[in-house]
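There are two complexes below, and they share chain A, which is joined by chain B in the first and by chain C in the second.
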Partner chain A sequence: MRRTVSTLALLLIGLMLIGAVWQPHDPDAIDLSLRFAPPSLDHWLGTDQLGRDVLARLMIGGWRTVAVLGCVAAIGMVGGTVFGVAAAMLEGWRGALILRAGEMFIVVPTLVVALTAAAVFGLNPVTAGVAMGLAGIGPYTLFAHALARRLLAEPFVQAARAMGVGGSGLVVRHVVPNMAPVLFAHIGANAGLAVTAYAALAFLGLGADPSRPDWGAMLFEYRMFLFDHPLLMVWPGLAIAMVSATLNAVFDAH
Partner chain B sequence: MTGTLTIENLHIAARHGDHDHVLVDGISLTIRRGRILALVGSSGCGKSMTCSGAQGVLPPGVRVTGGQVLYDGRPIAPEKLRGHVVAAILQNPRSAFNPVLTMANHAKETLRAVGKLDSGWRSRTLEAFATVGLEDGETVLGLHPFEMSGGMLQRTMIALALLSDAPFLFADEPTTDLDLIVQARILDLLEELARRRNLGVLMITHDMGVVARLADEVAVMENGRIIERATTRDIFDNPQRIATRELVEAHMSLYPEVA
Partner chain C sequence: MAGFIIRRLLLLIPILLGVSILMFVIIRMAPGDPAVAYLKLSNIPPTPSAVAEARHTLGLDRPILSQYASWIGNAVKGDFGVSHVTRRPVIDDIMHFLPATLQLAGVALLFTLVVSVPLGIWSARYKDRWPDHLVRGFAFVGVSTPSFWLGFLLVLLFSLTLKWLPPMGKGGWQHMIMPVLAVSFMSLAINARLLRASMLETASARHVLYARLRGLSDRRVERSHILRNAMLPIVTATGMHVGELLGGTLVIESVFGWPGIGRYAVTAIYSRDFPVIQCFTLFLVTIFVLCNLVVDILYAWLDPRIRLNAEAAL
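This part shows the complex of A and B:
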């Protein structure tokens, strides 16, 4: 089960990444003679109200979502690991200070931070990803701290210390490598949320560049055709649901 | 006082609320090179704490409240002791190795910790493996802990201790988690190495069978204090204290036909 969902998640992310380098058509090419074309061999998922290829737009949205995920995961994981391990290594008031700061970060609502960042800097995968990643450092710090503390009490860490291995060696070779698998699985929870949060931001459209087809923006744009051409909303909706559900399943399976 | 490691008047306490709970209450021990000193006592008497305290690797919340360690009569800081002067062998070889590192990584780490990692690490490691009876050292280098038996891991841990070239060895219940046949082999190996390499060994154990087999002298601990010290022969022939007698009798009762 674990292997199946992990493989599925990697496969999905791989597919989403293709959009960065290749789309079947120009996603912005308007062809009014082809409005609302049903799925065909040439346009696999059909075309929209301007005759644009839906698959091409979905693929652009896909790799932009991966970019968000990458930022959220990298910032949350790196920041959380650095602060969490530091708190575990520094006994006493310095460690406690880091943890209290982490707890204060938890109450900051991720979506509100991301909304603010979108309003100030414009909505794109990097600003949204960085904002959500920073807002996610708090829980990661506490989680990494708990993991690191448990690892520091492990006999193999004690053995290494007794043989003269110093603080940096303990962190680099013993604590972090043994945390990594659990932390990676933990990304799933954050990443699943990040996908829906970014879709919500794009749907709201605050600070968004309308020419960039994010999945949430596609839902917003195609909502007018819900009854006449429901497939247009099904594709991005399905994409968001599948990706966030799979990422959550990876987390649950571990 | 050359070739000695002395733990002098060591006090260790755990913090409970606003008062200290004393775990080790003024222990003094001298370990001599080429000799095996057994520190015995029942579980919880503070013998492992004495060992970790001297090395400065106590668990969180527990600290040394007094005393010092002398190497050849001169005080030495715990971080200078670890690896350089004292190598350690732990009780459970299964958990004493980092699951994500190979034996080659472990060997390199041991050498790096004492500043002896150079291009000759591989041949020196293979030599240490051969000394402890690990055949096919090349294969062992590439193994992760889960691919090895408890006996192999314990031999590797001893090989790492030799690799550090420390003159003293702290062995905290080194055979408790091994089966009897492997126990006997590991004890023979430790004794042979102590004699041949002139290592001073502090052997922490509650097993008088281990003591009888290889210790030269014995210190008996109870409630954080040393209550009796004597040569191994005297401890068995003429135990002075009740706790000592109990340890000896408990051991002898395992062999009714001898007693």
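This part shows the complex of A and C:
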């Protein structure tokens, strides 16, 4: 079971990464003689209302989803580590201030903020990823703070401190390397939600830009053909659900 | 207890200030002149004089701090400005669209609780047998499926293929079924999984062993000794779900053409109707914080240990 999940995860991630450099067809090539073609050997998942290859568009969308996840994870890792460790090291009012600010961020409605940011700066994986990452930084700070506090009380850190390792050495050598894997698993457990959130964003947001095939935007674009060509609505949704499910399964086991 | 509630309500003030500043900054960072956007919405050609006039009416010619100060001054009095699109006070618009959303979110919350609790109990009772596998599989699918896609699948099945339910709009109870299903699916799955875990954990506690040793029936032990204790995490989760359901209506209302504040807010974001976005965000934050407060109060009421600790601390 564990092996199957890992294999499936690697396969999916591989496909999504390949999408960055190679697709079976040009995702934007319009061929009106091939409108709404059913799945075939040439077009594995069929074509859409302009005769564009659905698989090629899905692969670009996959690559864009990876970019969003990268931004969210990077901001969560860096922001959570920096603020969490700072709050744990700085006793007194400065530490408390960071924690109170982190708690404040928990109640920020992420989707609304990200949607507004998308409306203001235009929707692309980086703006969406940055907005979602920043909006989610509060909970990660609190989590990282709890981790860092526990590590600072560990005997091996205490021993290092007794040997005269200074504050920054302690953080860089002992605290951060030990908390990073746990924090990463914690962020990964929320990555599935980030995938669906970005899909919702692209669906609601500026789904009108057809040269940027995000999975959510594809659902927005193809929703008119729900009745006549329901398969067009199935593929992008299935992609979102599968990636999100795989991420959940991989990180749930930790 | 009163002191606890008042302190928590006071905490709402810095949170709302922080969030409103955040939104204010994002909105003011928008490329392009908001005055031009405003004129476009009103179908006035953006001639230099019209732009200057709009800048003045919108207060954009003043420094950003003074803009924020006057916005906050009005907001305290309950005046959140006028929607650039509908030309009506934002608060009136929100109150106009709110009932439909509350109806949807309320039924969804009820549905979540009514379905997830029996599912969780069932799953825990038959741990590692087929009902458990079924519920866990369902929960796994539930947390991974985007709500709006599920909405389309439901429309495909119930409206287009079976022709049982109307695909969109608001009317009789038939109109509510699919939006409620779609928006509550995820919280339902989370709740069922949580209750299962919590019940299994409680089941290994010593007081449960003691109850069994006293010869109480399995059902009696489950009801009075496991479930009552295992419900606490569900209370917390439900508090979070209120916020998620309200946020989820943003997408679901757009899918099903449900005339609530979610769809209103999305339209506002599309047309960059900033007073509306600002007010809607603060509204969501307030609801979220209030829900958490209610959860904490409920918690103290349900769990005497917390109540006594809190009273000792006061």
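Here, the second predicted complex is superposed on the first by the 239 of 254 C-alpha atoms of A that agree within 3 Å, B and C clash if a C-alpha of one lies under 4 Å from a C-alpha of the other, contacts with A are read in each partner's own complex, and residues count from 1 in each chain.
The definition used in the following text is that contacts are C-beta pairs under 8 Å (C-beta built on N, C-alpha and C of every residue); 3 or more make two chains touch, one makes a residue touch a chain.
Owing to the predicted nature of the structure, the values given are computational and were not obtained by experimental measurement.
**Student:** Return fit or clash for chain B versus chain C, each positioned on chain A through the superposition.
**Tutor:** With chain A aligned, chain B clears chain C, so fit.
**Student:** Mind working out whether A:E91 is in touch with chain B, chain C, both or neither, as first, second, both or neither?
**Tutor:** Touch partner of A:E91: chain B, not chain C.
**Student:** Vertex at chain A, arms to chain B and chain C: angle between C-alpha centres to the nearest 10°?
**Tutor:** 100
**Student:** Just to be sure I read the superposition right, which of the two partners does A:P177 touch: chain B = first, chain C = second, or both, or neither?
**Tutor:** Only chain B is touched by A:P177; chain C is not.
**Student:** Quick check on the superposed pair: does A:A153 touch chain B, chain C, both, or neither? Answer first, second, both or neither.
**Tutor:** first
**Student:** With both complexes superposed on chain A, which partner does A:A162 reach: first (chain B), second (chain C), both or neither?
**Tutor:** First partner only.
**Student:** First (chain B), second (chain C), both or neither: which does A:G51 touch?
**Tutor:** A:G51 sits against neither chain B nor chain C.
**Student:** Report the partner of chain A that touches more of its residues: chain B or chain C.
**Tutor:** For chain A, the partner with the higher number of touched residues is C.
**Student:** Looking at the superposed set of three chains, what is the minimum CA distance between chain B and chain C in Å?
**Tutor:** Superposed on chain A, the two chains' closest C-alpha atoms are separated by 11 Å.
**Student:** So chain A touches chain B in one structure and chain C in the other; where do those two contact lists coincide?
**Tutor:** none
**Student:** Could you pull out which chain B residues touch chain A in their complex?
**Tutor:** It comes out as residues 52, 55, 57, 59-60, 79, 82-84, 86-88, 90-92, 95-101, 105, 109-110, 112-114, 157, 160-161, 164, 170.
**Student:** Which of the residues in chain A end up touching chain B in this complex?
**Tutor:** Where chain A meets chain B, its residues are 91, 153-166, 169, 173-174, 177-178.
**Student:** For a test of understanding, state which residues of chain C touch chain A in their complex under the given definition.
**Tutor:** 14-15, 18-19, 22-23, 26-27, 29-31, 140-141, 143-149, 152-153, 155-156, 160, 243, 247, 250-251, 254, 265-266, 269-270, 272, 277, 280-281, 284-285, 288-289, 292
**Student:** Given the complex with chain C, which residues does chain A contribute to the contact?
**Tutor:** 101, 104, 107-113, 115-117, 119-121, 192, 196, 199-200, 203-204, 216, 219, 223, 226-227, 230, 233, 236-237, 240-242, 244-245, 248-249
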